[in-house]
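Two complexes, one shared chain (chain A), two partners (chain B, chain C).
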Partner chain A sequence: MIGAAELRALLPLMLVALTAIGTLLLAGFRRDARLAALGYQGGLLLTLLTLPWALPEQPLEVTPLLRIDGFFGYFAALFVLVAMAVGLMMQRQVRSKTSGERVEESYVLLAICLLGALVLAGAQHFAALFVGLELISVASFALVAYPCGGRPSTDIRQRNSLEAGLKYLVLSSVASGFLLFGIGCLYLDSGSLAFAPLPPSTSLALPGLALLLVGVAFKLALVPFHFWSPDIYQGAPTPVAALVATLSKGALFAVMLRYLWFGALQELETLVPAVALLASLSMLGGNLLALRQRDIKRLLAYSSIAHLGYLLLVLLAIGHAGVAIEAGAFYVLAYSLTTLGAFALIGCVCEAGDEPDYRLEAFAGLIWRAPLLGASLMLILLSLAGIPLTVGFIGKFYIVAAGVDAGLWWLLAVLVAGSAIGLYYYLRIILIMLAPQSEPSGIGGGRWLVYGLTLLLVLLGVYPLPVLQWLPVL
Partner chain B sequence: MILVWLLLLPLLAALFAPQVEHWRADGSRWLSLTALGLQALLLLAAAGGGGDWWLESRADWLPRLGIGWHLGLDGLSYLLLWLTVALGAVSVLISWREIRQRVAFFHCNLMLSVAGIVGVFLALDLFLFFVFWELMLIPMVLLIAIWGHDNRRYAATKFFIFTQASSLLMLIAILGLAFAHQSQTGTLSFDRDALLRLELAPGLAYWLMLGFFVAFAVKLPMVPLHTWLPDAHTEAPTAGSVLLAAILLKTGAYGLLRFSLPLFPAASADFSPVAMALGVAGILYGAKLAFAQDDMKRLVAYTSVSHMGFVLLGIYALNGMALQGAVMQMLAHGFSTAALFIVVGMLQERWHTRDLRQLGGLWTQLPRLSGFTLLFALASLGLPGLANFIAEFLILAGAFQRSWPLTAVAALGLVGAALYALLLVQRGLWGGGAPAPGRHDCSRREWLVLGALALALFWFGLHPQPVLDLVREPLVQLLDAPHHAAESPPRLPVGSWL
Partner chain C sequence: MTELPVEHGLLFAAALFCIGLVGVLIRRNLIFILMSLELMLNATAFVFVLGGALHGNADGQVMFLMILTLAAAEIAVALALVVHLYRRYRSLDADRLEAMKG
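Presenting the complex of A and B:
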């Protein structure tokens, strides 16, 4: 039953839902981008501030669907912060384009995405998993195709994002289909949709898990299910690309972490070779494909594929390594923070002119043009590469720790190889940035967001203790 | 507190370099020199402590993961810190005229790199060590990538990838040690003292040792992992080459001495024949390639490979005499190779070429500079009376007790050294065909730098005892670690020099 305690635990979800509705109503009564942004950020801030109060002392099951505990609290806080940062990027995007299109609804969609992510963070049941996932996906279709920077359908600039939106719709639905089929098989096998160990194996457990894995791999864009990802990153408005890269993937990863933690460990054993293969292919493939990219957004897409590959190591380490859950949780934070910084910087540098310029050469001489932004870019790239004193290093340290503890030596070897390849293209951007200045070009707004994210990235890299205290542990 | 300040001074200098430049054109140069001078004063103040560690600094960092802030100073790190400070100052002085663009940023990187190196020589917590180990690389990559010569991007990228990939292997090995500690005592720890007490299974120890060894061997560099070195050295600005050759390469040898040998005594003893053979291969291969170069800077770079081969041979001979020789060689190589790079840099500044085919007859035009070139080339070939001779003699004498055939082959390297050094002198200094007359000889600043380096080489060559005394205590500990004796009896008695 739902009593006062349960309602209190559900407060974050309700506040985010209220934010979505409130923003929608605001937009309905008064067309004012700033007001909508204010409503959105205010609602999220309130959610964040009441989160510590709302979290119960002991893990609390609210209906069979959701479980509100420290794990939920950590990821909820992270996702709310991510959504706030994406909102800020969206606001800047609107301010810099004066074409007068309606953007208020984007905040509604963002809030719905966040709601889906929070549901996933608390899900302990396949129904909640599917509801959360579809909340994110459906809102993302519209966001990817959102008319940022051009008038709908008439403007050539709009075509890319429409194409990306359609692609995302089709492929994401296919993935959902696989996922549903897998869930159906598992249900047939065990008679329950809750995250729990399956009964001694029958014939349907393995196909069910395999189909589930395929669906998840699609959504996380793991090699060889990654083909949609670079096109979406390239076509979608930059803030939305950041959202797809961080919030969607992070939330799905969180729910997989919880699923394996709560139940399917023994079942995973049969799938270990498949997951290991996906991980290795993603680590190597993502990094190799990124090598020759000339478009910064496509490059980030491939780099993110590689990062998700590193994260899969954690899934394999659950059950063997005590630090696995911690490692996964921290890496999602490190990856999200760094990726947000990268996209904020792209918005700031590449979209300064009338025509956005996403070539790597757009960064030429950045460090001499705008030293602080250049330094930020350098730190962001070093964090992606996992160099000390950035949050990316602590994340990679955790992943390697989980791998060592679980004895996944071969995958660690692949990780080293993948990282070595990755260094090449991260350094390539740094070298382009250090080149003598070619032509003076402007710097767009939104640099304070970049500075803020970079500062956080360094602070957490030097002294991550405040976050480490909140990490969920087994 | 002294240790913390040793680290903070270069960091502060790096931080304030851009500001200072607004006040005074060459302010950042003076700022760097001041920071290094203050460091030298601190080192003087720190001298002569007793006990295992002269000075220690401990604090909590990430207690949840067993990571602490732990610095310690002993004779070995004291010696290498002096080398760092001295050669750091030399780097600043010789870049006075060479670096004219983005001066503040140059000194920012230089000082950051120095800070990282100081940290490497002081850190006793493996996590902290790893952080410094990586920290010193990035500024060095930038030094090469921004102020380097024509092919700088390629060289910087290669250097970065080689060193980073190998250090990831070390990270895995470090974590392996930490988790071994957890399985034995229940807590994670990255502290060297705690890890020294571990009892590792032989197989695991061997693999972990290899993880450390690869990272250190790339930095050393050891054949066949040396290929980044000629490119990085050749393309780097002179100050970068000096920093690389004189100090950065020593961090690899230091890592072997400080971590690899004491943490894995038995595995290292098992591995030592391979390492010695690789060292000998490096000696001969480096000498042969140096002999074949036309580019003076590349020639000097390959002599580094050869000289550091001696260091590897000395370290893995695992006896007191050879270890002392290896430390001496680190010092001597630091001074002599840095000096050769400086001389090459000065020649290039005057003639705009380093190609030996276009140079020649310099002695008649630049007698003072040529005299220094001759001296440093002779030091490089190991002339008695100069520091390199002492070092190579000790290494060969120590290694002889361990394996006479390898030592005999290594001694051939001395012939190779004579060949390349004399060839450098003959092609560059003698003969005719000097490009153009009327170039100015050494300026007072250059004379000061080269003179000081020559003096150091003579001093350590004629009176090496203070250095040997300084490092004796740490090296004895390294060989006599209690568990070392327990797990594998030392195969040879500690050398009579100890």
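Presenting the complex of A and C:
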């Protein structure tokens, strides 16, 4: 039954949906990129401001599908902020390239992605999981293939983005197939789609969960299901790559946290070796494969594979360690913030010229050309590596704490080894950046976003208390 | 009327799913890859129908409708991309899509 209280709790979702429709209508009546961006950012800001008011004091079940509680509130705020930052990056990309491409619709697609992420943050039912996940996926297929900023038909970048879009579509749909088949098996078993413990003595639970795990691993790009992700990162427009890296993965991770917490804890016990294998392969594989990358976007793709491997440790710790949920929630924040900063910086440095240059050498001498940007890059990389005084360190500290609580010693050893390898290639970029300047090249717009994100990253690394108070406890 | 055992339905769905998966993996024509994807999604939809019939609730049929909707939305986006791609490459061969490596 939906009454006033339920409607109030659903307000964030409705506002984001209205933003999508409103932006679409704006773009339909007047083709003006700035107007569309204004509508999009305005709607999201309104959502963010009304979020504290909309959240109910007690967890509230709105239909069997959604559960609006502190967990939803935390992730909703995070995802709205991420979507706003991606919107700003998109806007900058338009301003710096006067190519005549239409970009108004990209804001509509961004809003739809965000809506999917919010549904996932509140999902307590497989139907909601499915709808949220596919809202994100289908909107991001179109976004990845978006000809953002490229010159039509001649530009190699547009070819790349089309190729990336189609690859993403095929592989993501295969992943959805696995996920759905897994959900179908679980449903066949229990007769219910709600997130709840499965009835005992069932034969289909294990294959169902295994298929579900494969689907999730595909979507989160965990080794050995990671092959698509570097191509997508490289081919997609930079803001969209940031979106795929942060919003889609973060939202799916959030819903997995809730699912494991509500339901399948004891069934997971049988799958622990498989999840542990995925986690350690991702931590090691992601970091090792990143070593030989010459392209900054591909490097970030492999680095994000490794980060998702660290996050998997949280899923394993969830039944044993009290801090697991908080650790996961904080790490998603730290990872999103740092990755957004990295992509904003790529947009600023690598896409300044006519032809984008994503080689690591594009950063040569950055610290001498633009000291503040160079310092930002250094802080972002240190945060990715998890060095103290950055938000990445606090996140990793939380994960290690959860791992120690749960007694996952082997995985912690792998985490340390992976982080050590990671440090090597992050420091290599810093070395390139510190090298004497080779040739002068320009710096694109959008540096304020980079500064802002870096400042936030350091502030939260030094004084994380304000966020820690908001961390959800299920 | 005799009841059909659940295992038969599940085996049918699994076979359909595998045919689709193999199709995605070995077909080189983009249109056929998309058709194989449809096959996979329909196989999963069948599992939900089966579950709905077994447990006598409507959840499975609702999921079936949503999977159909997803398949339609996905194929709409996919065909738009394929049309764009064909204009650029004059070919529907998936092996031509290999500009990015590493």
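The rule is short, and it goes like this: the second predicted complex is superposed on the first by the 466 of 474 C-alpha atoms of A that agree within 3 Å, B and C clash if a C-alpha of one lies under 4 Å from a C-alpha of the other, contacts with A are read in each partner's own complex, and residues count from 1 in each chain.
Rule of thumb we're sticking to: a residue touches a chain if its C-beta (ideal position, glycine included) is under 8 Å from a C-beta of that chain, and two chains touch if they have at least 3 such contacts.
Worth saying up front: this structure is predicted, and the values here are computed from it rather than measured.
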Partner chain in contact with A:412 - chain B first, chain C second, else both or neither: first
Which superposed partner A:42 touches (first chain B, second chain C, both, neither): neither
Residue contacts with chain A in the superposition, chain B compared against chain C: C
First, second, both or neither for A:431, with chain B first and chain C second: first
Partner chain in contact with A:52 - chain B first, chain C second, else both or neither: neither
Which of chain B and chain C A:224 touches, first, second, both or neither: neither
Touch list for chain A against partner chain B, complex: 368, 382, 385, 387-389, 393, 397, 400-401, 403-405, 412, 415-417, 419-420, 423-424, 427-428, 430-431, 434, 463-465, 468-469
Sites on chain A touched by chain C in the complex: 126-127, 130-131, 134, 138, 141-142, 145, 153, 156, 159-160, 162-167, 169-170, 173-174, 176-177, 180-181, 183-185, 187-188, 191-193, 204, 230-231, 234-235, 293-295, 298
Residues of chain C touching chain A in the complex: 6, 10, 13, 17, 20-21, 24, 30, 33-34, 37, 40-41, 43-45, 47-48, 50-51, 54-55, 57, 59-60, 62-63, 66-67, 70, 73-74, 77-78, 80-82, 84-85, 88, 97, 99-100, 102
Residue ranges of chain B touching chain A (in the complex, touch as defined): 61-62, 64-65, 102, 130-131, 134-135, 138, 141-142, 145-146, 153, 156-157, 160-161, 164-165, 168-169, 171-172, 175-176, 178-179
